[in-house]
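A, B, C and D label the chains in the order they appear, each numbered from 1.
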Amino acid sequence: MSHNTFGHLFRVTTWGESHGPALGCVVDGCPPGIRFKLADIQAQLDRRKPGQSRFVTQRREPDEVRILSGVLPDGEDGSLLTTGTPISMLVENVDQRSKDYGDIARQYRPGHADYTYDMKYGVRDHRGGGRSSARETAARVAAGALARLVVPGLTVRGALVAMGSVEINRANWNWDFVESGDNPFFTPDPASVPTFSDYLDSIRKNGSSVGALIEVVAEGVPAGLGAPIYGKLDAEIAAGLMSINAVKGVEIGDGFATARMTGEENADEMRSANEGPARFLSNHAGGILGGISTGQPVIARFAVKPTSSILTPRQSVDQDGRDVDVTTKGRHDPCVGIRAVPIGEAMVACAIADHYLRHRGQTGRI
Amino acid sequence: MSHNTFGHLFRVTTWGESHGPALGCVVDGCPPGIRFKLADIQAQLDRRKPGQSRFVTQRREPDEVRILSGVLPDGEDGSLLTTGTPISMLVENVDQRSKDYGDIARQYRPGHADYTYDMKYGVRDHRGGGRSSARETAARVAAGALARLVVPGLTVRGALVAMGSVEINRANWNWDFVESGDNPFFTPDPASVPTFSDYLDSIRKNGSSVGALIEVVAEGVPAGLGAPIYGKLDAEIAAGLMSINAVKGVEIGDGFATARMTGEENADEMRSANEGPARFLSNHAGGILGGISTGQPVIARFAVKPTSSILTPRQSVDQDGRDVDVTTKGRHDPCVGIRAVPIGEAMVACAIADHYLRHRGQTGRI
Amino acid sequence: MSHNTFGHLFRVTTWGESHGPALGCVVDGCPPGIRFKLADIQAQLDRRKPGQSRFVTQRREPDEVRILSGVLPDGEDGSLLTTGTPISMLVENVDQRSKDYGDIARQYRPGHADYTYDMKYGVRDHRGGGRSSARETAARVAAGALARLVVPGLTVRGALVAMGSVEINRANWNWDFVESGDNPFFTPDPASVPTFSDYLDSIRKNGSSVGALIEVVAEGVPAGLGAPIYGKLDAEIAAGLMSINAVKGVEIGDGFATARMTGEENADEMRSANEGPARFLSNHAGGILGGISTGQPVIARFAVKPTSSILTPRQSVDQDGRDVDVTTKGRHDPCVGIRAVPIGEAMVACAIADHYLRHRGQTGRI
Amino acid sequence: MSHNTFGHLFRVTTWGESHGPALGCVVDGCPPGIRFKLADIQAQLDRRKPGQSRFVTQRREPDEVRILSGVLPDGEDGSLLTTGTPISMLVENVDQRSKDYGDIARQYRPGHADYTYDMKYGVRDHRGGGRSSARETAARVAAGALARLVVPGLTVRGALVAMGSVEINRANWNWDFVESGDNPFFTPDPASVPTFSDYLDSIRKNGSSVGALIEVVAEGVPAGLGAPIYGKLDAEIAAGLMSINAVKGVEIGDGFATARMTGEENADEMRSANEGPARFLSNHAGGILGGISTGQPVIARFAVKPTSSILTPRQSVDQDGRDVDVTTKGRHDPCVGIRAVPIGEAMVACAIADHYLRHRGQTGRI
C-alpha cells in the first residue's frame, strides 16, 4: 500500500483532515458503463454519519457527497454512468469546532496518534486529530459504495457482535434487523439493543469509552479471486481492516480459534454439487483458502479499541516534554466500533472489487 | 501488494514451487554499503529448515542459500557489501518426492489451496502444493535476514506461545531459551517443552495436526515509522503476517482483547524522559499508534491453523466433480506453526525496513 | 505508472474532465514542513492558463486553485506549511460551452482520442474531450509547483524552441525573456516573437494548427538521483513528458542526434574540480548517465503535435460507422505546444522530486 | 516504475550484473494456461546474443536460459504450460574477464555510468559495468519472449534504420531480410549491408563507436489498450525504451516530425470499414491516440548513443578526484544499437502485454 492509496486495479486515494474544508477520495480504475445513482453512494455515507443517536459523536455533519468527475448523466432519472476515468468524490466539513481542541493543541493524548505524528512529521494538525480523525473514513465508505457495484451479485454486510464485555447471541442473528431504525448499534440481535443501550449509557456518562468486535460477511464472491502469495485476498482484507482507525486485530473465518483446532476440526469437507464445481460442508476457512476465494461467503472480524478521547484525566507529556494530565473534551464516540461497521464493509468491498478486476485481467476467467 | 511482491522501497519478490528445481527471491531497494556475511542469511534459513526434529516435516532440504547479484566481495573474511542493486537469492530444492502426491494429483484436499488454485488458474502444480507450499517461505526468511540489517539497532524475535489447547506460562518467558538447542518448538517457556512434546507426539501419531499462536516482538524500532492511513505500519505487518501460509488471524499489541477494554484501561500513559521525548508506562498499543511506531517494542501475534494435510480420510471431490475420500501421505509438519516463528519475524522485519526507508525518504528525519 | 497516478514517493493522482464541475489532484508523500504560499502555486497555473493572448484558446478560465488538505496556516502572512499528509488541490471549471460540441458528439475527430476512448470504454464524455482535454494539465502544473519546493535549490525552466517550420536562434537565448510580458510564446529568443506572431496568425486564420518543440532545463539537480534500470530518471522523465496530451517524442541531452555521433563526440569529458567531485567539459548526456543524474543540468526536449481540432473538414466516421466530414468548432489552441511549456516543466519537476525522495530513502545520502 | 521492476499486471523484475554468476528475471502475473517451448524463449535470446559477428562484442556467452518456476511440463514434446505463478528465468555468465577492467576500476569512463553510480551508492561493481552492463538486457529479452505469447495475434518486429550518418532506404524495406543469416545488422534494407559493413569496420578499426536508430513495429494490437493519462500506452513504451542502456530519445509514429506539421497534415482520416469499426487512411499517430491504441500498427523509434567504451583516450577523473586519461579495453560493441533491436522489441511487447491484461481487467472488453 502506498501511504494514502490502496488497491491495485480498483485504486482508492483518500485525502482530508477533520477540520479542513473538505475530505474526499479519488477512485481510479473503476470499470466503465456502471449505472448508478448518487443516492446509492449517499445511502452508505448516511449509515456512517455522525449524530444519528446519543451513542455516537454529536458532531453534526450532513456528509453530503458530491461526484466531481468520472461519470456522465445517463437518462432522465438522475442516473449516472461511469466512464472509466477517475471518480473524484468530495464531502464538505461543516460542523468543525476547532476551539474544543485549544487545550490539547500541544498535549499528547494517550492512546492517540498525536505523539506519533509529531515524531514522524515534526508538524501536526491537532484540530480534531487532523488526518488521523475518523472523519477520513467517510471517503472510504464512498469508495466502498462504488466497489459494491463492480462485482455482479456481490453483497457485503457487517454487524457489531460485541461491545466491551457484552456479546450478542448469535442464535438471534437477523440481517434485516441490522439496518432497522430501532437499532443504533448495527447489532444483528434484537435482544441485545436494551443491553447495549444501558451499557453504553453508563460508559458515556462516565466520560469513558469502550471497544467492540465487528463481523463482515461478503456473499456472492466468485471462486478464484485472490493470489497465492503476497496479494492474497485475506492479506489485503487484513490490511484494509487494520488500516481503519483504532483497529487492533483482524481474523478470517475461524481466525484465532484455529490455533486451538486439529486438522480434522478445521477441514472444510466438500461434496459434489448439482450445479457448479463443488459444495462445502462447513466454512471454517471464511471463504478463503491459500489466499484465493472458495466461492463460500468471505467472513472477516476485526477488533476496535476503545476511543482514546475520554474525559478521565490521563498522565501524559506535552510537546515541550513537560508532564501534563490530559482530558479530552470535544465530541467523541463512546464506542467508535459502532460506526466502524459500514467502514469495515467498505474496506472488504474494495478488496474484493480490486481482486475481481485483477483476476479478470490475469486470467480472463470471469 | 502485487501478486508476488511486497514492500514499497524495500521490495521483495519471491518465486518458486515446492517441487521445481529451486525457489528464491529478489530484494530490490536494499541500501548500498551494508556489510554482512552469507552466514548471516544462512543462519536464519537454518532456523526455518525442515527435518530438524521429529516434530516437523522429515523432508531433508539443506536450504543452502546462494546470492547471485547485488553484492561485492569486501575484504578477506568473506564479507559481502550490498551495492544498492537487486539482490537475487536462490535455494535449490533437493529432496522432492513427487510420487507421494500421485494419489492426490486430481483430488482437492480439504482446507488446502488445491481447489482454489484450480478455480483461479484452471491449471495447477499439484506436486507438494506447488506455489502454495510452505517451502516458499524460505525465500521470505532470506529476505528478512537482509531486512534485519537495514535498520540500525533493530532486533526482531519471535516465539510460539500456544499450540492447540496448550499455552505457555508467560511468567517463564526467556528469550535466550527460544533459540536453545533443547527447544524444538521456539517456545520461550522451558517448562513447556515436555508438555508440547507429549502433546504433539500424540497428534503426530494420530496422523493429525494442530494449530498454534506465534508472537513477534521488534525492539529498536525508531518512533515515526509508518503512515497515517493505508500504508500504516500495523496494516502492512498485518498483510505480511496474513500472507504466510495457514495464518488466519493477526493482532497488534493487546489486539482482540482491546474490544473488551475501556478507554482508561487501553490508554498507554506517558511521562517525560531524561533522554528522548517521552516514556510510556504501558504498551497496550503494541508500539503503534495511528499507524506510526511509538518507539516502544512493536508486538504482533498471529494464529496458524492446523496443517490441512492429515492422514485421517476427509470427504472431498476430485477435478472431475466426483466424491472422494482424501488422505494425504507425503511428509508434513504436524504443527506448521512451529516453523512459522522465523517466517513471522522475517515479515515483520521486512515491513519495518521498508517503512524505515520510506520514512527517511519522505521526511529525511532519520 | 498507474492509470491516473504517477510517482513512487512523491505521488500525483489527477482527476477531472473538461466540462465537469472541477478538476484537481492529490499529491501524496510530500515532505512535511515545507513553507509556501498559495500564490506560489497560483503563479504556475497562471502561466498555463488559457485566454492570455490571441494565440491560445479563448476559453476564459480563472484557474483559481484551492488547497483542501495537507497544509496548516503558518504565521500571519498567509503562509502554509505542509503536514506530510495528502495535499488535495482543486480548480473549478467555469467557462464550459458544451453546446459547441453538439455536432461532434457522435463523430470521431481525426487525430483525437474520441475513437480510442470509445474502443476502450464503450462510453465517452465527448464534451470538450472529456478526460483527454488539455484542461487536465492544470492539475499537473499545480502538483509540479509543489514538486519544485521539495528539492532545495532546484530550478526548472522551459522554453518553446520551434513552432512548425520556424526555429528560434539559440544564440539569442535569454531565460528572463521567456517570462516577459511581451512574450506570448515562451520563446527564449526575443527576435522570434514577430516571426512566431505572423506565422501563427496565418495558421489561426486558416483554421489550422501547428506543432511545436519544447525544451526543459532543470538546474540544481544533485548528482545521484535516479536508478540504474527501469526507474531511471530519464525513463521517468520520458514517461512524464510523453503522458502530456499531444506529445509524440521525447529526448534527453543530445537525444536523437546521438544516433549520428561517434563515441568520441558523445563523451562528456571530466576534470577535477576545486569543489565537489568533478566538473564536466560538456553535457551531451543532458545531465543523466546510466539513468542517474550527474549534477549537470538535466535537459529534455519534447515534440507536441498540432492540435487535432481544426476548422478544415476531415474525413471520418461516426459512432454508427457512417462516413462523415468533421469540422471542429469550439475554442482551441492553434498551437497547444505553447501552453505545454509550464506543463513540461511540471512533469520534469515531479520526476526529480520523486527521485530525490527515493534516493534519500534508499541511500540516506542527501 | 520501481527501481528494477516494470509493468503493472505483467510485471518484470530483473537482477544481475555483468560479472556476477548469473542474471535473470521474475515475470509475475503471466496468464495461466499459455503453452510454449523453452526454444521459443531461447530463440529471442539468441537474436541478442553477443559474439555472432565481428560487428558486436566478442564476449562468448551461450546465454542459455533456464526456467526455474511457474511452468509445468505439458505433453511429450517438451512443451511447458504457464501456471499463473511467477516465472523465474536465469542465464549464467560464462565468459567474464574481470581483469580487463583492472585499469579502470577506480576511473570514471566518460559517458558511462561509473561516475553516477558512485555518486548514488558510494560503492560500485566496476567489473564490466556491473548492473549498468548491457548484459542485463538478456533478462528483458527473456521476459519479452513471454510477453509476445500473452496477446493473441501480436507480432512485434524491429529493425535498425540508421547507423551513424548512414540511413537505410525505406523503399527497400523487407521484414524477412531483417532476420536473414546474411544480415548482421537487423537492417530491413538488403542494399544497406555492404555500406553498414564498411562503415562499421572503419569505426571498429579506429577503436571508436557509433550510434544508431531503431524502429519497432507491433502489429495485431487490439484497439483500446492504454489509458488516458499517466498510464498511456505511449508513455509506458517511452519509459520502457528509454530504460534501455544508451537510449537517449524515443518517438511514436511521426514523432519529432509532428512538431513541424499542421493539423491537416497530421490528422489520420478514417472511413467506414466492412469489418470492424473503421479503417484509417494513414498512421501518423503510430497507432496510439490519447494514450490508447487505435488498432493500427504501433510504431516506435529510439536513438541509441554510441558506446562509451572506446579506445581513444578521453579526459576524466578517478575516484580520488585526480585527472586521468581513460582508455577502455575490454570487449565492446562498436555499435550497441545493433543488438538493441531485439531489446526494443521486448520492451514494446512487455508494455503491450501489460496493457492487454489491464484493459481486460478494467473493462472486460477483450
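One rule holds for everything that comes next: a residue touches a chain if its C-beta (ideal position, glycine included) is under 8 Å from a C-beta of that chain, and two chains touch if they have at least 3 such contacts.
All values reported here derive from a predicted model rather than from experimental measurement.
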Chain pair repeating A-B, as identified from B-D, C-D or B-C when over half of the contact pairs by residue number coincide: C-D
Distance-maximising chain from chain C - centres being C-alpha averages: B
Inter-chain centre distance, chain C versus chain D - centres from mean C-alpha coordinates, in Å: 27
Intercentroid distance (Cα basis), chain C paired with chain A, Å: 38
Centroid spacing, where centroids are CA-atom means, of chain A and chain D in whole angstrom: 45
Two or more partner chains touched - positions in chain D: 2-5, 8, 14, 29, 32, 84-85, 120-122, 131, 228, 358, 362-363
Contact graph of the chains (line, ring, star, complete, other): complete
Chain A-facing residues of chain D, complex: 8-9, 29, 31-32, 84-85, 228, 357-358, 360-364, 366
Contacting residues of chain D [partner chain C, same complex]: 1-6, 8, 14, 108, 110-113, 115-117, 119-122, 131-132, 136, 162, 164-165, 203, 208-213, 223-232, 234-236, 238-243, 245, 248-273, 277-278, 281, 284-286, 288-295, 303-310, 312, 314-317, 321-323, 337, 358-359, 362-363, 365
Partner chain A, residues of chain C touching it in the complex: 2-5, 11, 13-17, 20-24, 26, 28-29, 32-33, 66, 68-70, 72, 81-88, 90, 120-125, 130-131
